[in-house]
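You will see chain A twice below: alongside chain B first, and alongside chain C after that.
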Partner chain A sequence: MERKLEENLISRKKETESSWISGTKKVKPKSKKTNNNFWVIFGFMAPALLIYGVFVIYSIVMTFYYSLFEWTGIDDNLIFAGIQNYITLIQDGVFWTSVKNNFLLVAASLITQLPLGLIMALLLFSPIKGMRFFRSIYFMPFLMSTVAIGILFVYIFDGNFGIVNQILGSIGLDSLQRSWLGNEVTAIWAVIATISWQFAPFYMILFRAAIVGIPEELYEAAEIDGANSRKKFFNITLPLLMPTIVTSSILSIIGSLKYFDLIYVMTGGGPNNATELMATYMYEQTFTNFNMGYGSSISFSMFIIAFMVIAVILIVDQRRKGVN
Partner chain B sequence: MLKGIKKIPLYMLAIILLVFTGVPFLIMVNTSFKGQLEFMTSPWSLPKTFSFDNYLLLFESDFFRYFLNSVIVTVISVVLVILLSAMASYPLAKMKFKLNKPLFILFLIGMMIPIHTTLIPIFRLTQQLGLYDSIWALIGPYVAFALPVSIIIYTQFLKELPKELEESAKMDGCGPFRLFWKILFPLLKPATATVAIYNFIHIWNEFIFALVLTNSPKNGTLPIGLREFYGEFSVNVPGIMAALSLASLPLLLVYLFAQERVVQGLSAGSVKG
Partner chain C sequence: MRKRKLKLLLILFVFCLLFILGACQSDNKASTSDDNDSTTITLWHIATAGQKETLENAVARFEEKHEGVHVELVQQENDPYKTKLSVAMGGGTPPDVFHSWGGGWLEKFVEAGQVKEITEEIDAENYLEAGLAVSTFDDKVYGAPLGMSLVPVWYNKQIFQEYNLAVPETYDELLTVIETLKSNDIIPFALANQSKWPGAFYLMYFAERIGGPDLFNEAYKRDGRGFDDQAYVEAGQKIQDLVEMGAFPDGVNGMNYDTGQSRQLIYSEKAAMITQVTSFLDNTRKDAPGFEEKLGFFPFPSIEGGKGDKSHLVGGVSPTFSVSEKSKHPDLATELVKELTSIESGQDLVDLAGGIAAIKNVTYEDEFSAEMYKLLNEAEYLQTFYDQTLPPEVATEHLDTTQALFGLTITPEEAAKKVEASAKEALK
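Let's turn to the complex of A and B:
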């Protein structure tokens, strides 16, 4: 891979050089400089390109390659299967459950994390005392490792001594007590609540950074015109936050489509695939059932789905900009 | 007076959110100081006496091996990311060449793809390289996936540096590599701090590569260790809470001492999303 990249770089460079030289005659000394330039650029970029090329680009290509084989992953016995894995995948109910759950997660993340983050960020600019303290605590969930969060919330949602059940009991809602993660209906919502807890602070800091960037004069001018705080929010803050909202949505959607850690720790995709996501299903097929070829086809489908979703967002965003 | 009353809903909202974000931490730390029996009888009350027994137990377990592995992997990866991404950003930000834009976009794409798409080939590659089940297997993927964000941060910063700096250095006969390391890199300190913090947090907490590329307990990182503990001692809830608290401590300490930087660092990666 390294060599390929090098060759590619060199050949491209040669092309540009030769065309340049044939174009004008006087450039001999300059062409030497271009040549020097190439080695400088190459020297600076080669290490990063090598690592990136091997672990990201080569790997994506190889995922597609492996997805065309039947392969346990234990030995080197790859049997070419064409698109058989994809045909199986399309008929695989569990895969569609995982896709559905992934999109549920996307939707739930968008409607919980972003507004929650925005409310927190706005609160940070309101005239209340001890803001630094509030901000410090608000942000903490995002620093904890996902595995630690997963384990912590397994105990919080526990059916016997979990604090969720304790609170329900103490306010007389005993009938609602249950093993939240053991129940096929509630498990996904418990997980979504946990994910919102983890990521809302992240969007808080994004919105905070954006609000800081809004010029104070705008609010002053609005005040002179007699705008109340609600008007100020809807006519100044919100429109100016639009780019951040788009960025945050993209991050949230990408994040939700590749979610893995928390589900793996909290439910393992269960009970009965109720919380299965594409990534957990891929992991299960690949490293538990040793269907590496099939796992690769799930992997590659994830890549395609994520790619399409991002493309749609970017196109919609371009349109929106065009309209304005 | 009227103003004070107006603020009450604000305070209420602020406090509700404080409970929402803070209580799980309180539960974790609170439980970690309890005995197992005390936890069974009253799981969510304050501990009668603060005992550090659970933490002492961690010293006897493998906890610090995991901890040490995490430190080694994180430090080496972050240093490599800083060096590689700072270098790669220099031509991208300061030089004109045909492949400039395509290469930058190539790195940008890395931010958008699900890392799991690369998991199987990297697993295979790691085996072929003979690195499987060692902490060294983790450094390559960690560095590779940290490059996009880091390169974006560095190029943005580099573009803002005045051109005269380079020009005067070149006049003095300074070669491009010396120019970069001696003159530009020291000026990049704020960007380097951002890159370091951003990647420190993500690599410290990374889970799936560590899960797939290492196997034996002695080679796991902290997130793997936590999961092992959880599997082994799931009955000893206070013990696990002590492990969770201790594992979260380094990041919380960094946050405590460099709050602004951490917050800035984490939002930096998304500026250009």
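Let's turn to the complex of A and C:
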């Protein structure tokens, strides 16, 4: 059943693709016109390409260039240092802590944000009263400014006045009370919880859109065949959501690898570098310690790591598609 | 239905377009008016409460004297300010006049050729020597100071009275005070150490009290004891002793001074003391009016057998104002610096902010200021803040290791060794 459906979808996709291509070919037959076509396409792409070139390609190249120098960033005195910055980086314990934290954040985001988003999206399709109300409520965190969220949660996790400790105290769990952000072990988890709270609604919206796109007939057919709601979920909803899940995962992973804002607002990478991420460490080195060269080598390493991770995901995804 | 949606989208689109056009328009206007009728000078500062008023008054006087000149005051938050300024300097768009604390941080910009020398323009006679010293490098002056910042221990007089406590003169007496407060469920010291500098006061004081006033200078100038001296190890040990005996609230390293997390403990009388800079008083007046009646301060206690003295103070200059080398109106900017550090401004700082002026011939009527000024006059030695004196890399190492000391995740020996290693590399 699902097999057929997917084949159907694929063939339909192919049809549209080929008709689109053949369509263009029919209108513009051969040589000079295809050349023309190139310029039209280029013309439409040029603005985006220009922005991409300046703000992405050029920046990456320049970051690599600067990472080869010893430079404060505020004067013209660049001293060529070769790969010295990278050698220092490999021996830098704080950098490895930050890499570890980044991967922790990636894992935690995948485990919490995606399922939470999916659950919330599914809840919004169940026939409860006041669904619109819940939809707005669920989406609220994503609309708030990150800095406001950060400061709000700093107060929530406060050791002396914070609501978390008060709730723990009132249900008799006094022993669990602590300064959540001041403790080197709990700080990272407190921040991760906040990040998940902020981003789960984003995935909810993605999933909701995808669920809306699933044809109603499939569920009707399944019902006739006697499928219960669990079977409907695992055999219809989930497989058809797979492309969205993959996209969401990629977004979540890249986002987590580059993450900066809430950490900067809530802990500043502290206490004692316990919540340092690659981005916050890069920021500290570049702008607080005046090590533009070293900071650039951290940035470039971030790029390499993110690039490799995404490459692996894309290859795995290709394979999966191939198998199907 | 679909048509209506399309219409809506179209309207939205037009609105967006209008908005963008509008934004461009106003931008253009702003820039043209600058070129034609008036000159704009930007001033970046981090002052709040009474200090901010002081600056605003000075700017008003300046604008009156110089017709057609407009001063744009840009207020910044303390911690991000340092970053913002270095980005602006690096990007070639610095403000005309900017705040700093002098010391190693300002020196970086001076070395990079970003700060205008104003030795000739200002009259050194107008300022306290200690105030001008932090912005003087190789006998050249790069900034004029407005205020001095000292670090006493602030305490709640009412709580002390209630438990029959006397102001501690020595470390042992301080320990007794801490014990008494602890047994009455009062947090002895409020501290918010996420920002790292509030905790560093303890290290600087302990190090001075144990190793004497020359300790830091020897380590800084590299001609004697170093940052791994036994005195620094002992200072670190003393901090950890206090942490272990519960002299601070739990999780100080997660609390932020700028958002008031330690001050709240003082105002709500959950904590009895706080080691903080002069402007703590200014904040109190704004945050909790009337609370100052309960407030007193005493100098950081001495340590028996140590080489330091109770009269020696940790402090620094805040703020000192400098002119950017890239300023388009260097002469006007220098004039503004002079106005910002005039006797009138100094008097305002004392009267409005309860501060101490780095400017001579100011009269002290504010009770707190007068008393604090007396402390400063009696002090034979002023220990400037490490994080402002040292080059940024060493300052960061000093702050990071001190924070770790409070978190009990580093031993005093390790901390001292790390700072020394960083100093060896940066201070040659």
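What we mean here is this: the second predicted complex is superposed on the first by the 272 of 324 C-alpha atoms of A that agree within 3 Å, B and C clash if a C-alpha of one lies under 4 Å from a C-alpha of the other, contacts with A are read in each partner's own complex, and residues count from 1 in each chain.
Going forward, contacts are C-beta pairs under 8 Å (C-beta built on N, C-alpha and C of every residue); 3 or more make two chains touch, one makes a residue touch a chain.
Note that this is a predicted model, so its numbers are computed, not measured.
A.B. asks: Tell me which partner A:Ile151 touches in the superposition: chain B (first), chain C (second), both or neither.
C.D. replies: It touches chain B and chain C both.
A.B. asks: On the A-aligned overlay, A:Phe161 touches which partner chain: chain B = first, chain C = second, or both, or neither?
C.D. replies: Both partners, chain B and chain C.
A.B. asks: Regarding the shared-chain residue A:Phe287, is it in contact with chain B (first), chain C (second), both, or neither?
C.D. replies: Both partners, chain B and chain C.
A.B. asks: First (chain B), second (chain C), both or neither: which does A:Leu68 touch?
C.D. replies: neither
A.B. asks: Which chain makes contact with more of the residues of chain A, chain B or else chain C?
C.D. replies: The larger set of chain A residues in touch belongs to B.
A.B. asks: I'd like to know which partner A:Leu241 touches here: chain B for first, chain C for second, both or neither.
C.D. replies: In the superposition, A:Leu241 touches no partner, neither chain B nor chain C.
A.B. asks: Who does A:Leu206 touch here: chain B (first), chain C (second), both, or neither?
C.D. replies: The first partner, chain B, only.
A.B. asks: Of the partners chain B and chain C, which touch A:Ile310 in the superposed model: first, second, both, neither?
C.D. replies: First partner only, chain B.
A.B. asks: Looking at the overlay, does A:Ala108 come into contact with chain B only (first), chain C only (second), both, or neither?
C.D. replies: neither
A.B. asks: Where does A:Ala187 make contact in the superposed view: on chain B (first), on chain C (second), on both, or on neither?
C.D. replies: It touches chain C, and chain B stays clear.
A.B. asks: Of all the chain A residues, which ones make contact with chain B and with chain C?
C.D. replies: Comparing the two interfaces on chain A, one with chain B and one with chain C, the shared residues are 73, 151, 154, 161, 283, 287, 292.
A.B. asks: Could you please specify the touching residues of chain A with respect to chain C in the complex?
C.D. replies: Touching chain C from chain A are residues 72-75, 77, 151, 154, 157-161, 178-184, 187, 267-268, 270-273, 283-284, 287-292.
A.B. asks: In their shared complex, at which residues does chain B touch chain A?
C.D. replies: So the residues of chain B touching chain A come out as 7, 10-11, 13-14, 17-18, 20-22, 24-25, 27-28, 40, 43-44, 83-85, 87-88, 90-92, 95, 97-99, 103, 106-107, 110, 112-125, 140-141, 143-145, 147, 151, 176-177, 180, 201, 204-205, 207-208, 211-212, 222-224, 226-227, 230, 237, 240-241, 244, 247-248, 251-252, 255, 259, 262-264, 266-267, 270-271, 273.
A.B. asks: Touching chain A in the complex: which residues of chain C?
C.D. replies: Checking each residue of chain C against chain A gives 79, 82-83, 86-87, 89-90, 108-109, 111-114, 193-196, 249-256, 259, 261, 264-265, 270, 392-393, 396, 400, 403-404, 407, 409-410.
A.B. asks: Which of the residues in chain A come into contact with chain B in the complex?
C.D. replies: Where chain A meets chain B, its residues are 9, 12-13, 16, 37-38, 40-41, 43-45, 47-49, 51-52, 54-60, 62-63, 66, 73, 119-120, 123, 126-128, 134, 136-149, 151-156, 161, 163, 166, 197, 200-202, 205-206, 208-209, 246-248, 250-251, 254, 257-258, 260-261, 264-265, 279, 282-283, 286-287, 292, 295-296, 299-300, 302-303, 306-307, 310.
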